[in-house]
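Both complexes below contain chain A, partnered by chain B and then by chain C.
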Partner chain A sequence: MNDKNKIITGLVIFFLVVLFPFWFNLIFGAADASTAPEPELTEKAEKAETCVAETEHMRTEHMQILDQWRDTVVRDGQRIYVAENGKEYDPSLSNTCMDCHSNKEKFCDRCHNYASVNPYCWDCHTYPEETE
Partner chain B sequence: MENSRRRFLKNAGFSILGVGAGSMLIGLSAHTSKAVSPDAGQRPQFSMGDKAMEAERWGMVVDTRKLNDSICRKMQEACHSIHNVPEPVGESAQRDQIIKWIWPTEFQHAFPSQEVEFLAEDAAHRPVVVLCNHCDNPPCVRACPTRATFKRERDGIVMMDFHRCIGCRFCMAACPFGARSFNFRDPRPDIEDENPDFPTRMRGVVEKCNFCAERLAVGKKPACVEASDGALTFGDLNDPDSDVRKLLAEKYAIRRKPNLGTFPSVFYIV
Partner chain C sequence: MNVAYLYSLIAVVVLGLIAYAGVEAAGLDVLFGVVIPYLALIVFLIGFANKVLDWTKSAVPFKIPTTFGQQKSLDWIKHNRFDSPYTTGQVVIRMLLEILLLRSLFKNTRVGFGKGQRIAYKWVVWLWLFAILFHYSFFVVVLRHLRFFAEPVPFFVSFLEKIDGMFQILLPNLFLSGVLLLGGALLLLLRRVLLPKLVYISKPADYFPLFLIIGIAVTGLMMRYLDKVDVVRVKELAMGLATLQPGIPEGGISGLFYVHLFFVSILVAYIPFSKIMHMGGVFLSPTRNLANNTRAKRHVNPWNYPVKTHTYEEYEEDFRDKMKEAGIPVEKE
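Presenting the complex of A and B:
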C-alpha cells in the first residue's frame, strides 16, 4: 500500500466527477429544478371539485385514461363515459378536459415541461386560446 | 473438494427457494393491501348513449338527377367546414395536394367502367358527387400495415384512426376511387374557421370521409345529406324498410367500379 494517497485522491476525483449531476443540482439547481410545479386550476375546475376520477388518480393515470378514451371512442365508437362517481361524460380531450381545464399553459404545460414530456395531443386536437 | 461443491449447490438451492418465497409473500401483501384500499364506486364504463343512430351497414343513395353545381358546393362546404378540411389558397394550392372528403366530378370519371358510347347530353354534363364508398370489402383496410384504417364491424363504416396512421399511403394506392388525401404539409394554416368540436390532422397522415361517425353518435345524419336538398339519402342497407332500400327497390342504381368486387355502400341513381 505504498500508493495509498494517490489511490485515495484518484477515487475522490472519480466520485466527484461521476456524481457531478447530483451535487451540482443540490448546490445550484435547488431553487427551480427540484420543486415540482403545481398545476393551476381554473374557477370552473375548482367549482366542479372532482374530475372524472379522484385527483391523486388523475395525477398519476390521466395518460392511461386518455388513451383508453381515445381507443374506445375511435375504434369502438362508444362516446359516453360513466365515471366511478356515476356521472356521465363525453370522453373528449378538446370538449371535456379542456372545457374545465381551459388554461393549457398553466395546467398541462407546467408539469409536462418540468417532466420533459412532449405529448403530441396538440398537433391535432384544439385547445381554447387563453384570453388575458 | 466434493464436499464443497455439494454444499454450494445446497446453498444455491435454498437461496432460490428463499427469494422465490419472499417475492411471493411481498406480492401477496401488496395485493391484499390494494384490495382493501377504498376504491369505492363502480368501475368506469363506456356506452353508446341513447341518441346514437345505429345500423348494420350504413349506406347512401345519390340521386344524380337532383344534383347541380350549387348543391355540390353546398355539400362540400358543409362537410369540409365541420371536419376541418384545409382549403389551401394561393401558392400552397397545388392541384395534386388538395385534400377532399367529398367532391363533384363528371360521369365518365366517376364511372369509367360504365362504357356508354352515346351518353345522354344532360348526364354527361351533370356533376356527380363522389366520396368514400365505405366498401363492404374495403381494399384500403387490407393494405393498412398499422390497422389505422379499419372497418367498424358494428355498422360497416370504414374509419380512420388518425393516431395510428404513419403516412405510408398504401391505402391511397389500394383505394380504386381516389377517396383518400394525404397531408403533405401542416393543414392548420389553411383552415379558415377551425371547428373546435372536431380535431384537425397533422402533417403526414391520410384522411378521408368518415360518414360523419361523430354526428351519427349524437343522432344526426351526415352533414352532406342534410345539405343536399334531398339529393342524398342515408340509411341502413341491411334493413329492407329503410329509406335507402325503399329507394333502391324503386329506382335502378349503379355503383362505382363494381367489377373490382369492393362492394361500395354508395349507390347512384343516374
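Presenting the complex of A and C:
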C-alpha cells in the first residue's frame, strides 16, 4: 500500500482549481478580454463635453454622487446640485444622467458587465428605451 | 512591546511602502503589476508541489489517529464512528467535518480553577468562532475575485456577489465577506496579542501572515469604499495576467492597488514555506486521516523498504561444520 498516487491525484486537482482563470479564459473567454469595452457616448453627451464632474472622477465616484443625490433629494428635499465648476444640475438619475447617457446598454452596462457590477438603480428607475 | 509582532508589523508596513514608492515614485508598474505576480505564482506552484511530494516520502510507522471517542469494540459497546473511525468511509466523513467545520478547534478547552482549588476544564468557543469566520470569509473573498480573472464572469461568482451584498448597504454595495475577513483576522490577531499564554508560544511566523492578510483586507476595502480605484482598469490588468498577455492598462492604476497586489503576491509566494501550508497538510495529517482499526488490521509502514535478513537457519547453514567441531548443538544434521 502506498498513498503516493492518491496524494499526487489530489495535488493535480488542487492545481487545476488554482489555475482556474488560465484554462477558463482559454476555453470560454473572448479573445480581447484584456481590453475593456469602451462606453459609448451619445451625440448629446459628446456635445456637452463635461459631465457633472471630471471624467476621471466620474469613472470611480459616480456611484457615490448618485448615492448623495438620492439622500439629498429624498431625505432633504434639495433638488438643486451645484457641481464643482459652478453649474447647477437637477440631481436625478433618470432626468439628468440618462438625459445625455440615454444608451444604458452601450454606456452603463458595458463596464458594469465587464466588472461584474450589478447596481440596483434599475430595480426602481426606468431607463429611456424601456419607457418608449 | 513584543518583538515578534512588532517586527512582523514593521515588515508588512515596509513591504507596503516598497510597493507604493516603487509604483508612484519609481514607475515600476510592470515589475509590481506583472513580473512579481507571475513569479509569486511560479514559486507557489513549485513550492507547494515540492512540499507535498516531500511529505509523501515521510514514513508512517504506526497508526496514530487521535481519537475523541470509543473505538470499535464488542457489539454491545457503543462505537463513536466519527471521533474514532474504523472504516475508510468513516475517516472520509471525519476529514470532511474537520476541513469544512474545523471541528478540532471546536473542542478547545481552557484549564482553570473551579470551585475552591479544583482544576476545571472550560469549553472555549472563541478560537473556533474567529477561525471559521476568517476562513469562510477569506474563501468567499478569493472566489469573488474571479470577477477580475474571468471573462465572462462565471455564474457562481455573480451568485456569491448577490448573497454577499444582499443588505444593499452603501454604494458601491457593501460585501459582508470583506468586512468579516478583516474582523476575523483582527480577532485572531488580538488573541495572540492579548492572551499571555499565546504570546509566549507565538513567533514572528505566526504574526507575519496575520498582519499580511490584515494588510490585504485593509487595502482591498480601501480600494472599494474609500480611495476608489478604477475597477475596469484593474480587470484589464488581471485579465492580461490570466490570458498570458500581460500589460499595464492605459491611464495606470493608483499605488494603493499595487500595494494590495504586492501583499497578495508575497502571501502567495510565502504559503509553501509557512504555516499556511496547513491547507495541504490537513489532508495529510496521520492523526486525522488514519482509521483507528489497529486491533483488527495490522498496519505496515507503506514506505518500508525490503530489509535484508539473515535467519538462524541461514546462519547455521553457513557455520554448521564449525559448530559441530566445537560441539555446539545444531538443529539440522
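Assorted remarks:
By our rule, the second predicted complex is superposed on the first by the 100 of 132 C-alpha atoms of A that agree within 3 Å, B and C clash if a C-alpha of one lies under 4 Å from a C-alpha of the other, contacts with A are read in each partner's own complex, and residues count from 1 in each chain.
In this text, contacts are C-beta pairs under 8 Å (C-beta built on N, C-alpha and C of every residue); 3 or more make two chains touch, one makes a residue touch a chain.
Keep in mind it's a predicted model, so treat the numbers as computed, not measured.
When the shared chain is aligned, chain C comes close enough to touch A:4, but chain B does not. In the superposed model, A:22 makes contact with chain C only, not with chain B. Look at A:126: by the touch rule set out above, it reaches chain B but stays clear of chain C. Using the contact criterion defined above for the overlaid structures, shared-chain residue A:114 touches chain C, although it does not reach chain B. Of the two partner chains placed by superposition, only chain B is touched by A:78; chain C is not. On chain A, the surface patch touched by chain B in one complex and by chain C in the other comprises residues 120.
Residue ranges on chain B touching chain A, taken from their complex, read 40-49, 52, 150, 152, 154-155, 159, 161-163, 194, 196-197, 199-202, 213-214, 217-218. Considering their complex, residues 44-45, 48-49, 52-53, 55-56, 146-154, 157-158, 161-162, 168, 170-173, 228-233, 235-236, 239-240, 242-245, 247, 249, 251, 280, 283-284, 300, 302-303 of chain C touch chain A.
Here chain A touches chain B in the complex through residues 52-53, 70, 72, 74-86, 91, 94-95, 120, 123-126, 128, going by the rule given at the top.
Residue ranges of chain A in contact with chain C, taken from their complex: 1-4, 7-8, 10-11, 14-15, 18, 20-22, 24-26, 28-30, 33-36, 56, 59-61, 63-64, 66-67, 111, 114-120.
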